[in-house]
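What follows is chain A paired twice: with chain B in the first complex and chain C in the second.
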Partner chain A sequence: MTRTGEGRDARAVGRSVPRVDGAEKVTGRAAYVTDCVVPGMLHAALLRSPLPHARIRRIDAGRAATHPGVSAVVTGADLVQMPGLDPYFGPAFQDQAILAIDKVRFVGDPVAAVAAATREAAREAAQLIEVEYEELSAVLDVQAALRAGAPLVHERLRPSQAFADLMGIEAERQTNVCYHFKLRRGDVERAFAEAAHVFEDTYTSPAAQHAPLEPHVTVAWVTEGGLLHVTSSTQSPSYVRLSLARIFGLPLSKVRVTVPYLGGGYGAKTYDKLEPVTALLALRTRRPVKLQLTREEEFVTIHKHAVTTRIRTGVAADGRLLAREVAVYWDSGAYADIAPRVVHKSGYTAAGPYAIPNVKIDSYCVYTNRPPAGAFRGFGVPQVVWAYESQTDAIATRLGLDPVAYRRAHLLREGDLFATGTPMRSLAVIECLDAVAREIEWGSGLAGSSPPAPEVREAGVPRRVLRGKGVAVGIKAALAPSISGATVMLNADGSASVLSSTVEMGQGSDTLLAQIVAEALGVRVPDVQVVHPDTAVTPYDTITAATRSTFHMGNAVLQAAARVREQLFAIASDRLEVDPDLLRARDGRVFVAEAEDRGLTIPEVFGAAFQAAGTTLVGEAVYQTSAIPTDHETGQSERVTVMWFVGASAAEVEVDLETGQVRVLRFATAADVGRPINPHHCRQQILGSAVTSIGQTLFECLHFEGGQLTNGSFLDYMIAGYRDVPPIITPIIVERAHPEGPYGAKGVGETGALSVAAAIGNAVHAALGVRLRDLPLTPERVLQAMREREPARAARRGQVERGPG
Partner chain B sequence: MNRNPLTVSVNGAEHVLSVPGDRRLLDLLRDELGLMGVREGCGVGACGTCTVLLDGVPVNACLTLAVTTRGRSVTTIEGLARDGELHPVQQAFLEERGFQCGFCTPGMILTAVGLLRENPSPTVEEVTDYLGGNLCRCAGYPDMIRAVLRGAERCREAGGRPSATPEGPEAARLRAMGKGEEG
Partner chain C sequence: MRPFKLLDPRSLDEACQMLDRYGEDVKLMSGGTAILILLRQRVFSKPYFINLKAVPGLDGIRDEPGTGLRIGALATLRAVETSPIVRQRAPLITETFRLVANVRVRNSGTLGGNLSHGDYRLDPPAPLLVLGAKAVAVSSRGRNTYELKEFFRGLFETALQPDEILTEVVVPDAPPKAGTAYFKYTSLSETDWPCLGVAALVTPSDGGGTCGELRVAVTSVAERPMLLEHLGPLARGKRLTERLLEELGDAAAERVDPIADARGSEWYKKEMVRVFVRRAVREAARRAGLAAG
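Presenting the complex of A and B:
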């Protein structure tokens, strides 16, 4: 393990150095895939299914093929005739065909693809394709999909072999459940029998879309030498290379995936999306082909899982949590994408970061005839936090206990066992909770509530409002096993390059990796160039997602830089006649620790080693974490992850009693980031995910009718804007150094998203005495809930506001 | 479709073109003039990523027909910096890190420039209102509000016009966020 003790005199890490991508981004020069133009490039369009579930009887592409400007039309029937082509893909199950073969499974399922001279010609031609369908009965939600004898979305399933954690997964035969995660710990039934109180509730969280402002876009071409080059808006270049090589029967070396800047990803751009079909068209036409989704297509490409969680908790008279039983149902849509991993990883956290001796969890990944669901910032955890943190709040208030104190008393501590049987370490969840509670002045006013709101006037008219405060915590585990490789090159002039497959999608990874290299080699951050993913030269990396890049790629880059430093010190130690252990690197020099003026500049070190100008020293490293797979029957594992990340949120809300409108007045969100490499960027990540999540809590929701998405455009689907930012919103960094993190860092991409909805829901409860169990917390739902609880509320009117459960 | 003659000034340079009547300004700028800082987020006027200045006023290039710009002047993000020197609002976005993935950034900056032309000393409320049509899914709104306020300050300094309205407490708080360590 690389020494991390250098954090003390660190100067490039631990500071909010300016972003290295700043100048390009404020001048509009930063290039995205959508800006990619290749000479001779064709444009592609897809024809999509109008039905949720149907057999394809016949396709007539004749008119499309002769439409002016059209170079190629491809359908599923063509795929099966192409020798050497495996038309199915998917990171968990190879269940998705490049274009529908035999069956369509959701409204929007791609059926045919056209490549033409212009985007317009391609779209016109796609509309000329005639498809005859035989409609099949569809399963439009999880309930329908689970019914005995329900139509099957997939008759056969083939597991993918891409990732160790997904190789062993098995679908339940002849059902729509494509994966069932089970966790069994202790004796739940006995504990419930002994419990003084039993709480049982069902919580739901709706489908929502990522809505990156840059939609999915891919450009593919084949060189004369037989190299398939794909530049794509993907968060997983290494996986895409593997997948394309397998589909087209090519050596990995003959597939080159490059990724420039991404215009946002948030999980939407993970795994295969447009790459297989675009590559297919490029191979067919021997021309470069570009496929870019419209906003409407983006909405049916991937989304955040709609989830129903049934949660039952047995509590002792003194408040101890004796047992928790959770059943989580994930609507994964028509193709599994990465859903089984979502169901597994979020599933095993579904009882929360609490000390509970008896736990039973069942987490079901269910196929339906809806568009596919997959990874979304938080990877399913926000949905289960919504359930367990709402219920934990209900328990505390019912027992007349302060929700913050109650959580504090029962949260897991260092060394305690998680529901998986994994000992917890480096876990600052209580510190996060305390920090957010302090920030919103928890305790000024009674448990969870604010003093009665002052009379609010709008245009002179008084509004009846109530205010309340709420908190929530959340926990997520880093993906394990996972792998990051990196190469660091130090140049003779003291500048350096980093070759890494981490995708810069706004999180600041270019700056972070440059900081780590600058620190390790004693060079300047602006002199470090991070080379964007190019699988021809950048080593394998599992994915840019899952809050893993700082920890995993950070470690790989740190180790690679350390190998360069060893070489640098070896050369310098010869020259300076001093032991390499006594050398240090800083300000572009290598010098003796105890005699700083005894040293060499980096160019002088290179001069001593090489008889040429412009030479390089190269270091490489692969950082790999391991895990013990969870037991098939019990979900137990001594080491389910190497890193936990935890956060907490606190909200003060105001609810308008006439309109049902919820306004977040004050919001604080804390994340345990380990040691921050760039504090400003950590806060940016925390804030960004909080603001986005506030929108998801209050209004975001995909609506379907008969399997058809009805609000899939920016005119109909609202996302958080300037006006949705609470007047006071505070991101808080909590530092608990991770022993294995680079310079003690963990990661922060998702932490801010975990507990937002539950904190707001708990605040609404504190204000109204009404608990909402279905997201989003729309005015209609709030009014409806108030009407149902009117008697209870009337009884409380006029009292000091507080929130009994 | 018939092509129409079009003379338009883009970023200070006059272009004599011929365009179909249904060509969007967005496509003209990107596909014909190679100005890739003009970005398409939705194509229906709902996200603001395609914002350009038309005679100094922010418009959605996805909803503007190219022919309607005849004889007018268009500014894109590429035309904002002069002689390699960033516009004060760009400089402010850089300093306040009013960007993450950067996809919405050109539209944000140009809308902010439009605001400051109309109102050199906006309040947080006014910034929120004026930029309300520009979406950022990285949701860096707090950083961007700070950036616009700082941009306003820089513009006033550059134009020799000191602030007419003192900064409210809310602006001061937003301004304080993200401070506290050296650059």
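Presenting the complex of A and C:
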């Protein structure tokens, strides 16, 4: 494991430099889309469907149109009459109309939009729109949607052509399955017949909210020359530009998408959300228009997929995993959004990072009349990890084997083939597992169980509790193929600018990209300015998501900076009369490697090349990864991704035997980050993922009744807060340099989220001997599971315990 | 939210007159923590609100020998929580109020607003019920005192008449040697609304060793906060053994009709009534110097 890149000179990279945007953010000066005010700006509001599935018979917008302050009211019926407008959008299927046309498909589906002088006037006017619906029978969950003869959420579908990996997707005809991923490897049935033990279970993971601090918000206006300018809270500016250009029939150059700081995304802000309707209103009124969701609207805009996983594993007497068959059902809601990719990418990892010769996976993307589900940190992988890591634990326990040792014995190693037939590389999963097990002192006491809990007192009252420890691992593949372009501009004074479409959404990309450029050009990190996404000047980038920016944009920026350095060295080598290969850049100087005194400052190099002040040297690069598409029938591909990211979690929990409440006492989570560019930021990412996931494991769940979300606000839906964080929580960086990563780095945005739920579930099992298969692990479910295991005891309550008298 | 006019009365009399004058078109507002949410969600609106914070002198906290604590309705939850007099005279109130919501809500919300709102998911009613508090209300008709145990009538429903303003809460001194405890249980996030709350007060009997008086109140679980008066007689004169604690928990659960929600089903909440009544009584007994078991 040698350090890649310029290891010896490393000064900006590999150090925990402070965030370049830190002071601006903690002092409240950082500007977000919500702060954007354009002179003459109107405010928009949406009228949403109160029904899960209905035909729109008639809309009367008359009273709304004449409401004071209203500039425009638009409905789906208007859209179809607008020349040159394609009203449908979506990254996988163009299945979502800007405003519902003909029918509505979920409670919250936008039906009409109003632009008015104030937000209040727009909202009042929206309430004055009268809609007559003909209610249709709805499919409110996956089971209902899959039933033969079930009502169809979409009668026909049109694939989008925006992404290479989604070009080939086909929906099943006349069903609600919009995508079915299949993986076939070996002969599963024969292996099951030969297995000594067969385990079969069904695990579920519920719908959950992203809860970004900043709800979705978009401002759109048309400037001189017919340029459509959209500033938006999006993680995918390049895609939004493409989508708007297509919808409105504009050249790409006439759509300008800008993204300032983003107030948290977690996947919620990927692809197009409010941009089409806001742009439509701006084009219609020829005025700037702002649309900002309320928190309640945010809850019905996008969420994490509810998933049901049926998993069956055949095991040899000695514990070898012979076969695994997994069927995964994804409730994608009324519109596909990016769900087919979630179903594909998580689907092919659903058997886990284990050596299993026979694998069969079916992963179904199912439309229902619920709000749409989409990308959420981990992109579906945490839901399948919950299933396969709970079951792997059950197997080890049943065979009387130590869960850590059992996993170690069967985890994939370098060069082994994944279920897709892809050879594994740069995969420090065993190191991650070892690190977390060590951190929670695995093995002190019986495998998985803690030493007996001391008497626990709360406010002086003894509580009956049991403790247990659990571990889990997880694997996810980087999105491939994907593309990042970047421009680096070095200024004559030794400062630099980076033009990149990576969105700074709190993950620290501004700092990271500045570190890479500072390292490559030998300049100071604070002197590197990262220009925020502006599609008029920043090159194409696939998306800020999927743990891809460090690797992809990092490489693009590194290559662009290298091109600047080449020019710098070419000029300096003339002046210094040395071979450019012997030159190095550091501390704002270019100098000879073996004779550091011989050199020039960056301003001197510029002075040698240009007879003017304030000049620039520019380098550009496009970094592209390739992949071989998985086979349609077998899911096989020799190169399904360029980068795997793996992690492990370990938990020690305490369960209150009277309430069923699970408290995480100690938590450790490790991520293979390649080489960290900024170790502190890596740990923060791992920690953030873990805390979010702990909330989803223990209590987060969106509840629906008749298609209506019943806890869609922060009054009734809590995410993990400060007091829910375990008293001891340790993020761990595991380093194994990736040969293709910038300075050996991989991404880390999602790694910490993958295995949290399963580790906690396994710890609960170790404590109680009860396995829970449904998330979240609410106290009620835990108590119920304990009672079900001991029905006799429950029945005896009040007799035996109290004694015969 | 729909626009409204905020009226600033300069005295309690003027506030009462405003209530009379605007009738159905007006509602009282103090800290605003609950009402602003309802306004924003458009589930409630009024053209006028009376800003009780404009009336001076309604936020005092004092101890009146022979009567007890007198807490002004406009005292914020935070002021009550941090009051040295309250801590000295009724530590149960201090213990409970520091668990309400978060410090931002406590800094804004008032005791009077909290009680008048009649929301079932609130902590403050429980300790006030076991301490035998009274609510004082005024109207242009005069002055009225409600026993707090008769104040809560149902979901968002109190005994207050539309023309009445809650001005003061009177908390009698606890019986000598009383031990008190409040247990708040959140079944989801720790910062969530409670799944339930239980307050208990126990005094040792004159001879010691056995239970004298026992008072228990549960909140956040059923339609209204309730004083479970049937528990006292079950415990009087008895040793608070684990077996008796269990009987008390069962007797409490029988009387409570929980509201099922995301925080627990009816079954689960009944189970938790059993558990937390036991825990609260056990702890109150311990603090009263009575060994449990």
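The criterion applied here is as follows: the second predicted complex is superposed on the first by the 785 of 805 C-alpha atoms of A that agree within 3 Å, B and C clash if a C-alpha of one lies under 4 Å from a C-alpha of the other, contacts with A are read in each partner's own complex, and residues count from 1 in each chain.
Going forward, a residue touches a chain if its C-beta (ideal position, glycine included) is under 8 Å from a C-beta of that chain, and two chains touch if they have at least 3 such contacts.
Just so it is clear, the structure is predicted and the values come from calculations on it, not from any experiment.
Looking at the shared chain after the overlay, A:706 reaches neither chain B nor chain C.
Shared-chain residue A:40: touches no atom of chain B or chain C.
Counting the residues of chain A that each partner touches, chain B and chain C differ, and the larger count belongs to B.
Contacts of A:62 after superposition on the shared chain: neither chain B nor chain C is touched. When the two structures are aligned on the shared chain, A:27 is found in touch with chain B, with no touch to chain C. After overlaying the two complexes on the shared chain, residue contacts for A:780 are found with chain C alone; chain B is out of touch.
Of the two partner chains, both chain B and chain C are touched by A:720. Once the two complexes are laid over each other on the shared chain, residue contacts for A:661 go to chain C alone; chain B is not touched. 713, 715, 719-721, 723 are the residues of chain A that lie in the contact sets of both chain B and chain C, per the superposition on chain A.
Residues 296, 459-461, 658-659, 661, 695, 698-699, 701, 703, 710-711, 713, 715-716, 718-721, 723-724, 778-780, 783-784, 798, 802 of chain A are the ones that touch chain C when the two sit in their complex.
Within the complex formed with chain A, the chain C residues making contact are 37, 41, 181, 183, 185, 187-193, 243, 246, 250, 262, 264-265, 268, 271-272, 275, 279, 282-283, 286-287. Within the complex formed with chain B, the residues of chain A that make contact are 15-19, 21-32, 34-35, 210-215, 261-266, 294-295, 505-508, 679-681, 683-684, 687-692, 713-715, 719-723, 725, 727-730.
Every residue of chain B that touches chain A in the complex is listed here, in rising order: 36-44, 46-47, 49, 76-78, 80-81, 86, 90-91, 93-94, 97, 99-106, 109, 127-128, 131-143, 145, 170, 173, 177-178, 181-183.
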